[in-house]
Structures are given as C-alpha cells and as structure tokens.
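Following are the structures in question.
Shared between the two complexes below is subunit A, which has subunit B as its partner in the first and subunit C in the second.
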Partner chain A sequence: MIGDAISHSVLPGIVIAFLLVGSLESAWMIIGAGLLGVLTTFLIEFFHQKGKLQTDASIGVTFTWLFALGVILVTYYAGNAHIDQDCILHGEIAYVPIDLMYDDAGNAIGPKAVIVLSVVLVVILLFIGIFYKELFITTFDPDFANAIGISSSKWHYLLMGLVSLTTVASFESVGAILVVALLIAPASAAYLITQDLKWMLLLSSFFGIVSSILGYWLSYLLDGSIAGAMVTISGVIFGICYLVTVLKK
Partner chain B sequence: METLIEFFSFEYPNIKYVVFGTILLSISSAVVGCFTFIKKKSLVGDVVSHAVLPGICISFLASGSKDPFLLIIGAFVSGWISIVVMDAITRNTKIKEDAATGLALSVFFGIGILLMTYIQHSGNASQSGLDTFLFGKAAALIGVDLLAFSIIAVIVLVVVFLFYKEFKLISFDPQFAKVIGLPIRRLEIILTSVTVLAVVTGIQAVGVVLMAAMLITPAAAARFWTNRLSKMLIIASVFGAFSGISGAFISYSTPSMPTGPWMVMVLSIIALFSFFFAPGKGIVINQWRRFKIQRQLLEENLLKTFFKIGESNNDYFREIETNDIGLARTFSTGQLTKGLRKLNANGYVEKVGNAWRLSKEGHDKGKRITRLHRLWELYLTKYLRIAPDHVHEDADTIEHVITPELESRLEQLLNYPTADPHDSTIPSRN
Partner chain C sequence: MIHHVENPALEIHDLTVSYDKKPVLWGVDLTIPNGALCGIIGPNGAGKSTLIKSIMDLIPLNSGYVKIFDKELDEIRKKISYVPQRESVDWDFPASVLDVVMMGRYSQLGLFKRLRKADRDAALSALEMVGMEKYAKRQIAQLSGGQQQRVFLARALTQNPEIYFLDEPFAGVDAATEKAIIQILKNLSEEGKTIIAVHHDLQSVETYFNWVIMLNLRLVASGPTSEVFTPQFLEETYGGKLTLLSEVGELVKERGFHAREKQ
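For the complex of A and B:
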C-alpha cells in the first residue's frame, strides 16, 4: 500500500516543483516528486514509531493529507498551471506521441514520455542488476542484513525512492492510481506462480508487457481509456493466476 | 468577520444544504471509521471508495439515468465485491494483506476508468457529471442528493447505535464474540455494509481519494485523546463535523477553493496536532516525559555517587572533583556537566572552585537512593534467591521508582536490616 500512498502524495511535490521552476520539465517534477515520496515514507514510519499509530492509519492519514494539499495547491494556481487533477489521477497515454521532445537543433527526437520512461527503465534495471544481492537480502531478512552490516533502512529508502521515481515518470501517462495497479498486479500474479525471485522478476515483466499490448487492443475495441484497459487486463491476468493456484490446491 | 456572520446566518439556502450535508457525511464516516480503525483495516475505506467506480458506471449503462439511488445501489454492490475479492485473495493465497488491498483498489479503479471513458466517448449526452464521483462536489449539493445523503447517513448512524455493543465486541475481540455465541458472520456483514454505505455517500462530496481520509483521520486523531470507544466515537464525530463546517466555510469565503480537499486539510491539521500534543499519547508529551525521567535518573545517580564517595571516605560533605565522580561511575562528559549544573541549580550540590560539595538535601536524597538500592538487593537475594552478584542491575533500575510505602513494607519484610548482601551498611531512614 505504500506504493499507493506515494503515488498520491507526490502531487504537492510536483506542484511545488512546477511553481518554483515554472515549467513542466520532467526532471524537476521528478525531483520534487521523489523528495515527497521519501518524505511520505518517512512520515509514515515516524507516526508509526514515535506516535505508536498503527501502520494502516499512519499510511491513510499521511497520503490523504499530502494529496489534499496537492489538490488545494493545484486549484489555487489553476489559472497559470497546465496541470490539473484529472491528468494526475488518470493520465492519458494517447497523448504521448503528441508531446515530442526536441534536441538543441529543434529536431524532434521522439515522444517525451517514451524517452523519460526509457531512461527510468534503464536506471531501474541497472540498479536492480548491480544491487540485486543487497536488495534481495534486505527484503527477505532485514535482521540478518543488519547483522552482516547491510543497512536495511538505507536500502528501504533507496527502493522507495525508486518506487516514487517510477510512479512520477509514469503518472503523466497512466495516472497515479493506475500506476499502483501496474506496480502490484503483475508482481502479485508472478508471485503466485513462482518461488524464485529471479523468475518472479522475469514473469512480472512479461505480464506487464502482455497487459500493455492486450490493454491497448481492448481500449481500441471499446474506445476507452488505454491505462484503464491495461489495468483491467493485468487484473484479468492476476485473476487467472489466482484461479490456477486455488484450483491446484 | 462579515463573511463569517453571513455564512452562519445561513441566508442562502444553498449554504444550509452544503453545511448540513457535509456535517452528516462527516459524522457518519467518522463513526464508521472508528470501527475499521480498531479492526486495523483502515485502508478498506480507501479500497471501497475506489472500487465503487465500476458499479456506478455499470448501473448508469444499465439504467441510462443518473438517479442517485440507482447509482448508489451499483456503487454499493461493487464496493462489496471488492471487499470479498480482497478477503478471498488474502485467505487463499500467500499474498499479504497490503498487496491484496492495493491490488483490489487499483484494478477495480482501472476497470472503472475504462468503463467511464467508454461512457464518455459513447456520445451519450446524459453522462456529463458522472465524473463528479471522482473528485466530489460538496459545494454543489442539491436537493435530491442531499435527501439521499441524509437518509443514508441516518441509516448508518442508527445501525451503529443499535449494534454498538456487538460491533464493539467483534472489532476488539472476535474470538470472544464467537465463544459467547454472537452471530459473527452476520454482524460482520452488517458492519461492512454500513462501511460501504458511508463510503458510497461520502464519495460524492469529497471524491474517491479523499474519502479515505474522512474515515481514517478522525478516528486516528480521536484515538490519541481517549482509550474508550464511546468517547472515541464522539470525539471523532466532533472532529468530522468541525472539518465539514470549516471546509464549507473556506470554500464559501474563497470561491475558488474546493470544499472536499479543505475538509481533509482541516481534519489532517487536527490529526497532526493530536499526534504531537494530545495529553497522554502525543509525541511531544511523550518525549518530554521521557526527557524528564532521564533527567531524574541522571540526578539521582549522581547524588548516589556523591553519597558513595562520601561513604568510602567517611566524610559526606567533602569537596569532590568532577573527575572523581566520573571514576566512581560512568557518566558521559555531557551528562556530567548538565547533571551537575542542574543539581547545583536545585540546591543539591554547591560549587566550590573546581569541585562540588553535597548540600544537606543532596546528602539526604543520595542516602535514600542508596538505601533503596541496598534494600532491594537484599530482598532479591533473600526472597527470590538470586545470587548476590546478579542483583545490582535490577536494583539500579528500581531504586528510582520505589515509593515510601513500598520502602516501609520492604523494611518490615526484611526485619529492619542493617547490611546488604555485599555487607555494605544500609543507611538508616532520615
């Protein structure tokens, strides 16, 4: 659920970054959102540990508060901002090819979202590739990791930083809430089928790809939101995996 | 100020509607939220509020109208299904509850978005306004909606009132409720239905995302002020109602401001204030209490050390250098400077050049702590048969909290001893 919380609470970060820099440059928005993402995880932990507030409530209070702040900021500056809550909540992937990125000479080098997301993908793949062992050990057995000198909280925050990075990079295209579905659904489906983390990573990427392709086709068929259709398909994939495991039992 | 009077005089019927509607909504969701909070399932509200979307779309597609009651029925059904799905996933697979929650929430929402865009693109003219379910429209509540709201809010409150005792039991101790023969399943179904109802109505005012706050935040804030469920319900309702009025007022005085987010903002500010400053549980209060206890421990340990040095020299009021204190017992430099300064200010020690001397009060206090320490050591060896070399640490902790009454009883029990297990003298009572 932290992914869900972050995907909402990054909103004020994006708005503040926009207000400070005055442009919709992705880099600044990602920095603003990334900071807010880390702040969110920190606040959740803080209320939980210092205030003895149960985790679920801690998550709920933190992200709704930050989201409300974001919406208020957006509405207040609505006059001169090109962001509105609609686009943040359910994004529009169909506009991606229109929003082109230009090089210094003014030639179009490709759609912005595609470029940004490719960079994010490479960063994440490199991160996981290089630090696979650290991530593995801190995720599965944080106590052991701490005992052998790998700080599990450091890796926790790094991982959450990456989650917010992915979220922000994708929300323009699919919207904040549906990012969460794409974060959780393929991974959970893969988790049901395999016991091996490497296989789980591969399978969940595969499910992600399948949902994008079939989702695009479904939305074409229904003339509906592409992101919504992608999520619907990933939900269906999860449903199939669920049925398979339950019937096997 | 003028706006404030104008607002509360309810000159415009619209204000009356909005205020009345938001208060009802806030109270019913705050009350229901307390129960989900206690069951540690606060985020269920978030799931339901996202999951009603497909239901709303399907009921619109089926009926072709925006009749609030029909839409609410659709929303209610799909909200319920999401809870069932979530439970099934956690029960039948190894997927953890939070992942199942996120999954149900986002997938239902995805389907809802797909259906809603499908409706929007289908060119049906009557569809406009369906998306108010996403972001809420508290400021534009009108007659029919208000009627629907009020009825549902009243139903929610009445049900909670009637089943208060049962809900309390199944939330705190479902095992016990089962043992004494309550129909748990049926009660759970009623409680869940009430929760879904509260969410379904609330959404129309504050929108999908912020609905979660209307459930969770008042309960979380109220929890910091009381340990009793009945009081918690009342406090949460008051917080909810207050945020409803303030939200309506803010958006009235500044028309560009949205009501829903401001309601949540006000609620969050109340909650943050409670987290930090609520007496008894607040973070600041707790830290302050800890700080005070630590200071007390430091002071008493210092005085004890003074007393012991005096004891070994048979002169309690001689001047003692700071270094010698550090040699007798480990203190950090910071502790020493701060503690000694504090003791000096309270008149327990006097500063003489570079050294310190116990005052009469300081001597008495140090003596008492030493006495308690040794009494306890003796008690542990005598009655719990713990070896004399194992009792020091325990005594070091408890010496700070023994009351005079307990002291007398220990003394009596040990038959007014004069020596501890290490053959040190137990100083007499002052």
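For the complex of A and C:
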C-alpha cells in the first residue's frame, strides 16, 4: 500500500522540480520525486504515530492530498506541451526509442528511459546486495533491530526513498497508476508460491520481465496500450500463481 | 518494599513513561543484582512490557535513566539481548528458522559484513540448546506457538549476552516448551547471566524466579522472591482487579496464609 501511495504522491515533486528547473531533465525530477516519496512515508508514519490514525487511513489521507496537489499543479501549467496529465498518469512506452539522450558533443547515446532505468537498477541491486541483512531484520522485527542498534526507521526511509526512485524512473514509460501494478503484482505472485525471501526477490523480477515481454506482444497483437497489456499479463501471472497455491492445498 | 543492591546488573532510577500524557509507569526506582533470575509481575496494563521496552530504549522516557552494568545502553548493547513478545512479528514472513536465529549475530557483524560459517554454527548450536535443531531449514510460518518462542530464545542465545530481557516468554506456549525454556533460563542464571522476564502465571513465580518485581503503574515491590512475594504485596499489586484478585485468593488459600494471618 505504501508503494501505491508513493507512486501517486510523487506527482507534485515532479511538477515542482519541473517548475523550478524549467526542464524535464530526469535527474531533477528524480530528486524532486524522491524527496516527495520520503516526505510521504514520513507523513504516513507521523499521522499514524502522533495522530493515532490507523495506517490505512493515514496512507489514504496523505497520498490523495499530495496527488491532488500534483493534479492542480499539472492542470494549471497544462499549457506546456511536455508535461500533462495524460503523460504522467498513463505514460507511453512507445515513445521510449525516440526520446534519446545525448552526450556533450550532441551524439545520441541511447534512449533516455533505458539509461535512467539502468542506473536505477544498478543502484537498487547494490543496495539490496550490500544491505540485505539490515533490510531483512528491520522488516521482520523492527523492535529487535532497534534493540540491537539497527535503526528500523532509518532503513524504512531508505527503502521508501528507493521505492520513490523506482516509481519516478518508471512512470514516464508506464505512468503513475500502472507502475503500482508492476510494483505489487509480480511480488505478490512470488509471495504466493515461495516462502524463501531470496527466491521471492528473484521470482518477482522474473515475473516482471515476463509481464513486460508478453505484454508488449499482446499489445502488438491487439493494437492497444502497451502498459495496459503488461499489467494485464502480470495480473494473469498472479491469477495462475493463486490457482496453483489453491490447488496444492 | 524495594530492595536495593550494590553493583547492580540493572539500575532504574526515577523512571516515568507516558502514552498520550497519561502516565503508564510512575517513578520506578529499582536495582537488580547480577545473576538474578527475575520475574516482572502485575495485572494487565500495569506497564510490564512498557518497563522492558523503556529499558531497551524503544519508547521515550519522560524522566529518569536506566543503567546496565553501570553503563548507558548504547555502550553496552552487545551484552544485552531482548526477546520481544511473540505476537509482535508477522510469522508469515518469508524466512527460515535459521535466518531468524542468525539475526542474533547481526549486532556483532556491523554494516557491510556478511554472515559466515561461525555465525551459522552459533545459530545451530543455539537451536540445539532449545531443542529445535531439526527445524533449522523449516519456514517460520509452519511453526507452532511454542516453537516460535523457542526460535526467539535461540536468537537471543546466539548473541551470548550478559543480560536477557524477555517479554512474556511463556505466553501461549505448550507445557513442554515452558519447562524447556525455564530450564535454559535457570542454567543461564547459574552461569552468572542476569535474566529479567515478564511473567503472568502467579502459581509458578516461586519455583521459577529468585527475584520479583511487582508492578502496577508504580513499583509495588522489588526484591528476593521469598521476601516480597507475599499476600500483602500481591494484594497491593492486584488490588481492585476482581478476576485477578480471586486468583490471588486461590493462591493464598492454597499456601495456607490464612492460618498465619490469624496468629
């Protein structure tokens, strides 16, 4: 649920970064969105602990409010061709190959989304690889982690910062709404069929890749939205995993 | 009656803790001797778990301080182990028994270090101590309540600490597990380790613990079991709580306190 909240509430961060810097430079948007993501996590925790609100209510209030703020900002500056609701909410993966990144000499070095997402991928792999045990212990038993001197809130915010990073790096391609499905569906499917955390991480990546590839071909066949088809496939994978676990019992 | 000792393992001075401006622990001041096997008893909502959590610095203190072996918590964390309430974690979490037990070794590893064979061996021998060596590969979701509690104790054992804090280690466990756990705790106590556990069952206090802390928002008594586990302090601790009062009544009757009071 926090992934869902973050994917929506990063919107004002993106827009504010765009307004301040005046360009759609990915680095700035990622920083803006990353800050908003951490702020969202912080606000959710704050309302939950200081305001005595249930977690779901706290999530609901925080992200809808920030998202609404983002929508107002986007529509207010809708005159600009580069940033509009449609692009942010739905994304368009078909534009990825033509949105190139250039080096200083002006030569194209590759599609922007591919480069940005590759960097994000490396950052995430390194983070999980190096800090696996800290993430593991603070997620499973925050009290025990705190008791032995591993701050669970610090790791929670770092993890949520990375979720924001992933979300904003992906939203240009699949949009702020469908990115939620890609965050949650492959992982949920993996959760159903394995009880080993390392396998779960590998399997959910695998399901994500399969959803992307099959989804692309599905949309090619149907001549429909690519992102929509990808999420449909990930939903189907989840359904199959669910059936498998039910039949096993 | 609050029995103070020299060179205590645990010293709590004037501790006050509150939730939402409502105090849940009020002016607690006590010392526990080194090597004590100590039970914290008191009615529901008396602040037993809160006391343990405030010792572990998991909740903010309004006033007072806690010292362990005359040191601040941060200086001595590696010598302390904490066993949270079993219900405080999600047992459906994707982890094996060995994964959880090895968490006890994280404090000694520090950042960037990976678990080694020595950590694995330590975890396996801790599992052996609690009689769970056969379950090392088992997923934690498949454990019974008693087995979960044994896993938590094994995790604490791998830290090889000097002092243990256990939050309701006997809650919802089977009789065999309870017996096994108290035997381990007694052995540790004989080795000179200090153990402090939240406990509910008044019937077993005298056989389990040699030191008792009696709590009901404020500290009613702290001292050797033989001196403070008396009808007078029990009534003072549980007074007004009807169901518990009858339990105390049962206990008093069973032990024939009536006769002595009449004399």
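Operating definition for what follows: the second predicted complex is superposed on the first by the 247 of 249 C-alpha atoms of A that agree within 3 Å, B and C clash if a C-alpha of one lies under 4 Å from a C-alpha of the other, contacts with A are read in each partner's own complex, and residues count from 1 in each chain.
The working rule: contacts are C-beta pairs under 8 Å (C-beta built on N, C-alpha and C of every residue); 3 or more make two chains touch, one makes a residue touch a chain.
As the structure is a computational prediction, the values presented were derived from the model and not from experiment.
Enquirer: Quick one: subunit B or subunit C, who's touching more of subunit A?
Expert: Counting residues of subunit A touched by each partner, the higher count goes to B.
Enquirer: Once chain A of both complexes is superposed, is A:Tyr191 in touch with subunit B (first), subunit C (second), both, or neither?
Expert: both
Enquirer: Have a look at where A:Tyr76 lands relative to subunit B and subunit C in the superposition and call it first, second, both or neither.
Expert: The first partner, subunit B, only.
Enquirer: Let me test your reading of the model: by the given contact rule, A:Ile148 touches which partner, first (subunit B), second (subunit C), both or neither?
Expert: Second partner only, subunit C.
Enquirer: Just subunit B (first), just subunit C (second), both, or neither: which does A:Leu222 touch?
Expert: First partner only.
Enquirer: Looking at A:Ser234 after the superposition, I want to know if it touches subunit B, subunit C, both of them or none. Which is it: first, second, both, neither?
Expert: first
Enquirer: Could you pull out which residues of subunit A sit against subunit B in one structure and against subunit C in the other?
Expert: 52, 191
Enquirer: Over in the complex, which subunit B residues touch subunit A? Could you list them?
Expert: Touching subunit A from subunit B are residues 37, 40-43, 45-46, 50, 89, 92-95, 98-103, 105-118, 121-122, 134-135, 209-210, 212-213, 215-217, 219-220, 223-224, 256-258, 260-262, 264-265, 268, 271-272, 275, 281-283, 286-287.
Enquirer: In the complex formed with subunit B, which residues of subunit A make contact?
Expert: Result: residues 1-4, 8, 47, 50-54, 56-61, 64-65, 67-69, 71-72, 75-76, 78, 85, 89-90, 175, 177-178, 180-181, 183-185, 187-188, 191-192, 218-219, 222-225, 227-232, 234-235, 238, 242, 245-246, 249 of subunit A touch subunit B.
Enquirer: Quick one: which bits of subunit A touch subunit C in the complex? Just the residue numbers, please.
Expert: 52, 130-131, 133-134, 136-137, 139-141, 143-150, 191, 194-197, 200
Enquirer: Any idea which subunit C residues touch subunit A in the complex?
Expert: 20, 53, 56-58, 74, 77, 80-82, 84, 88-90, 93-96, 99-100, 103, 106-107, 109, 111-112, 114-115, 139, 141, 155, 159
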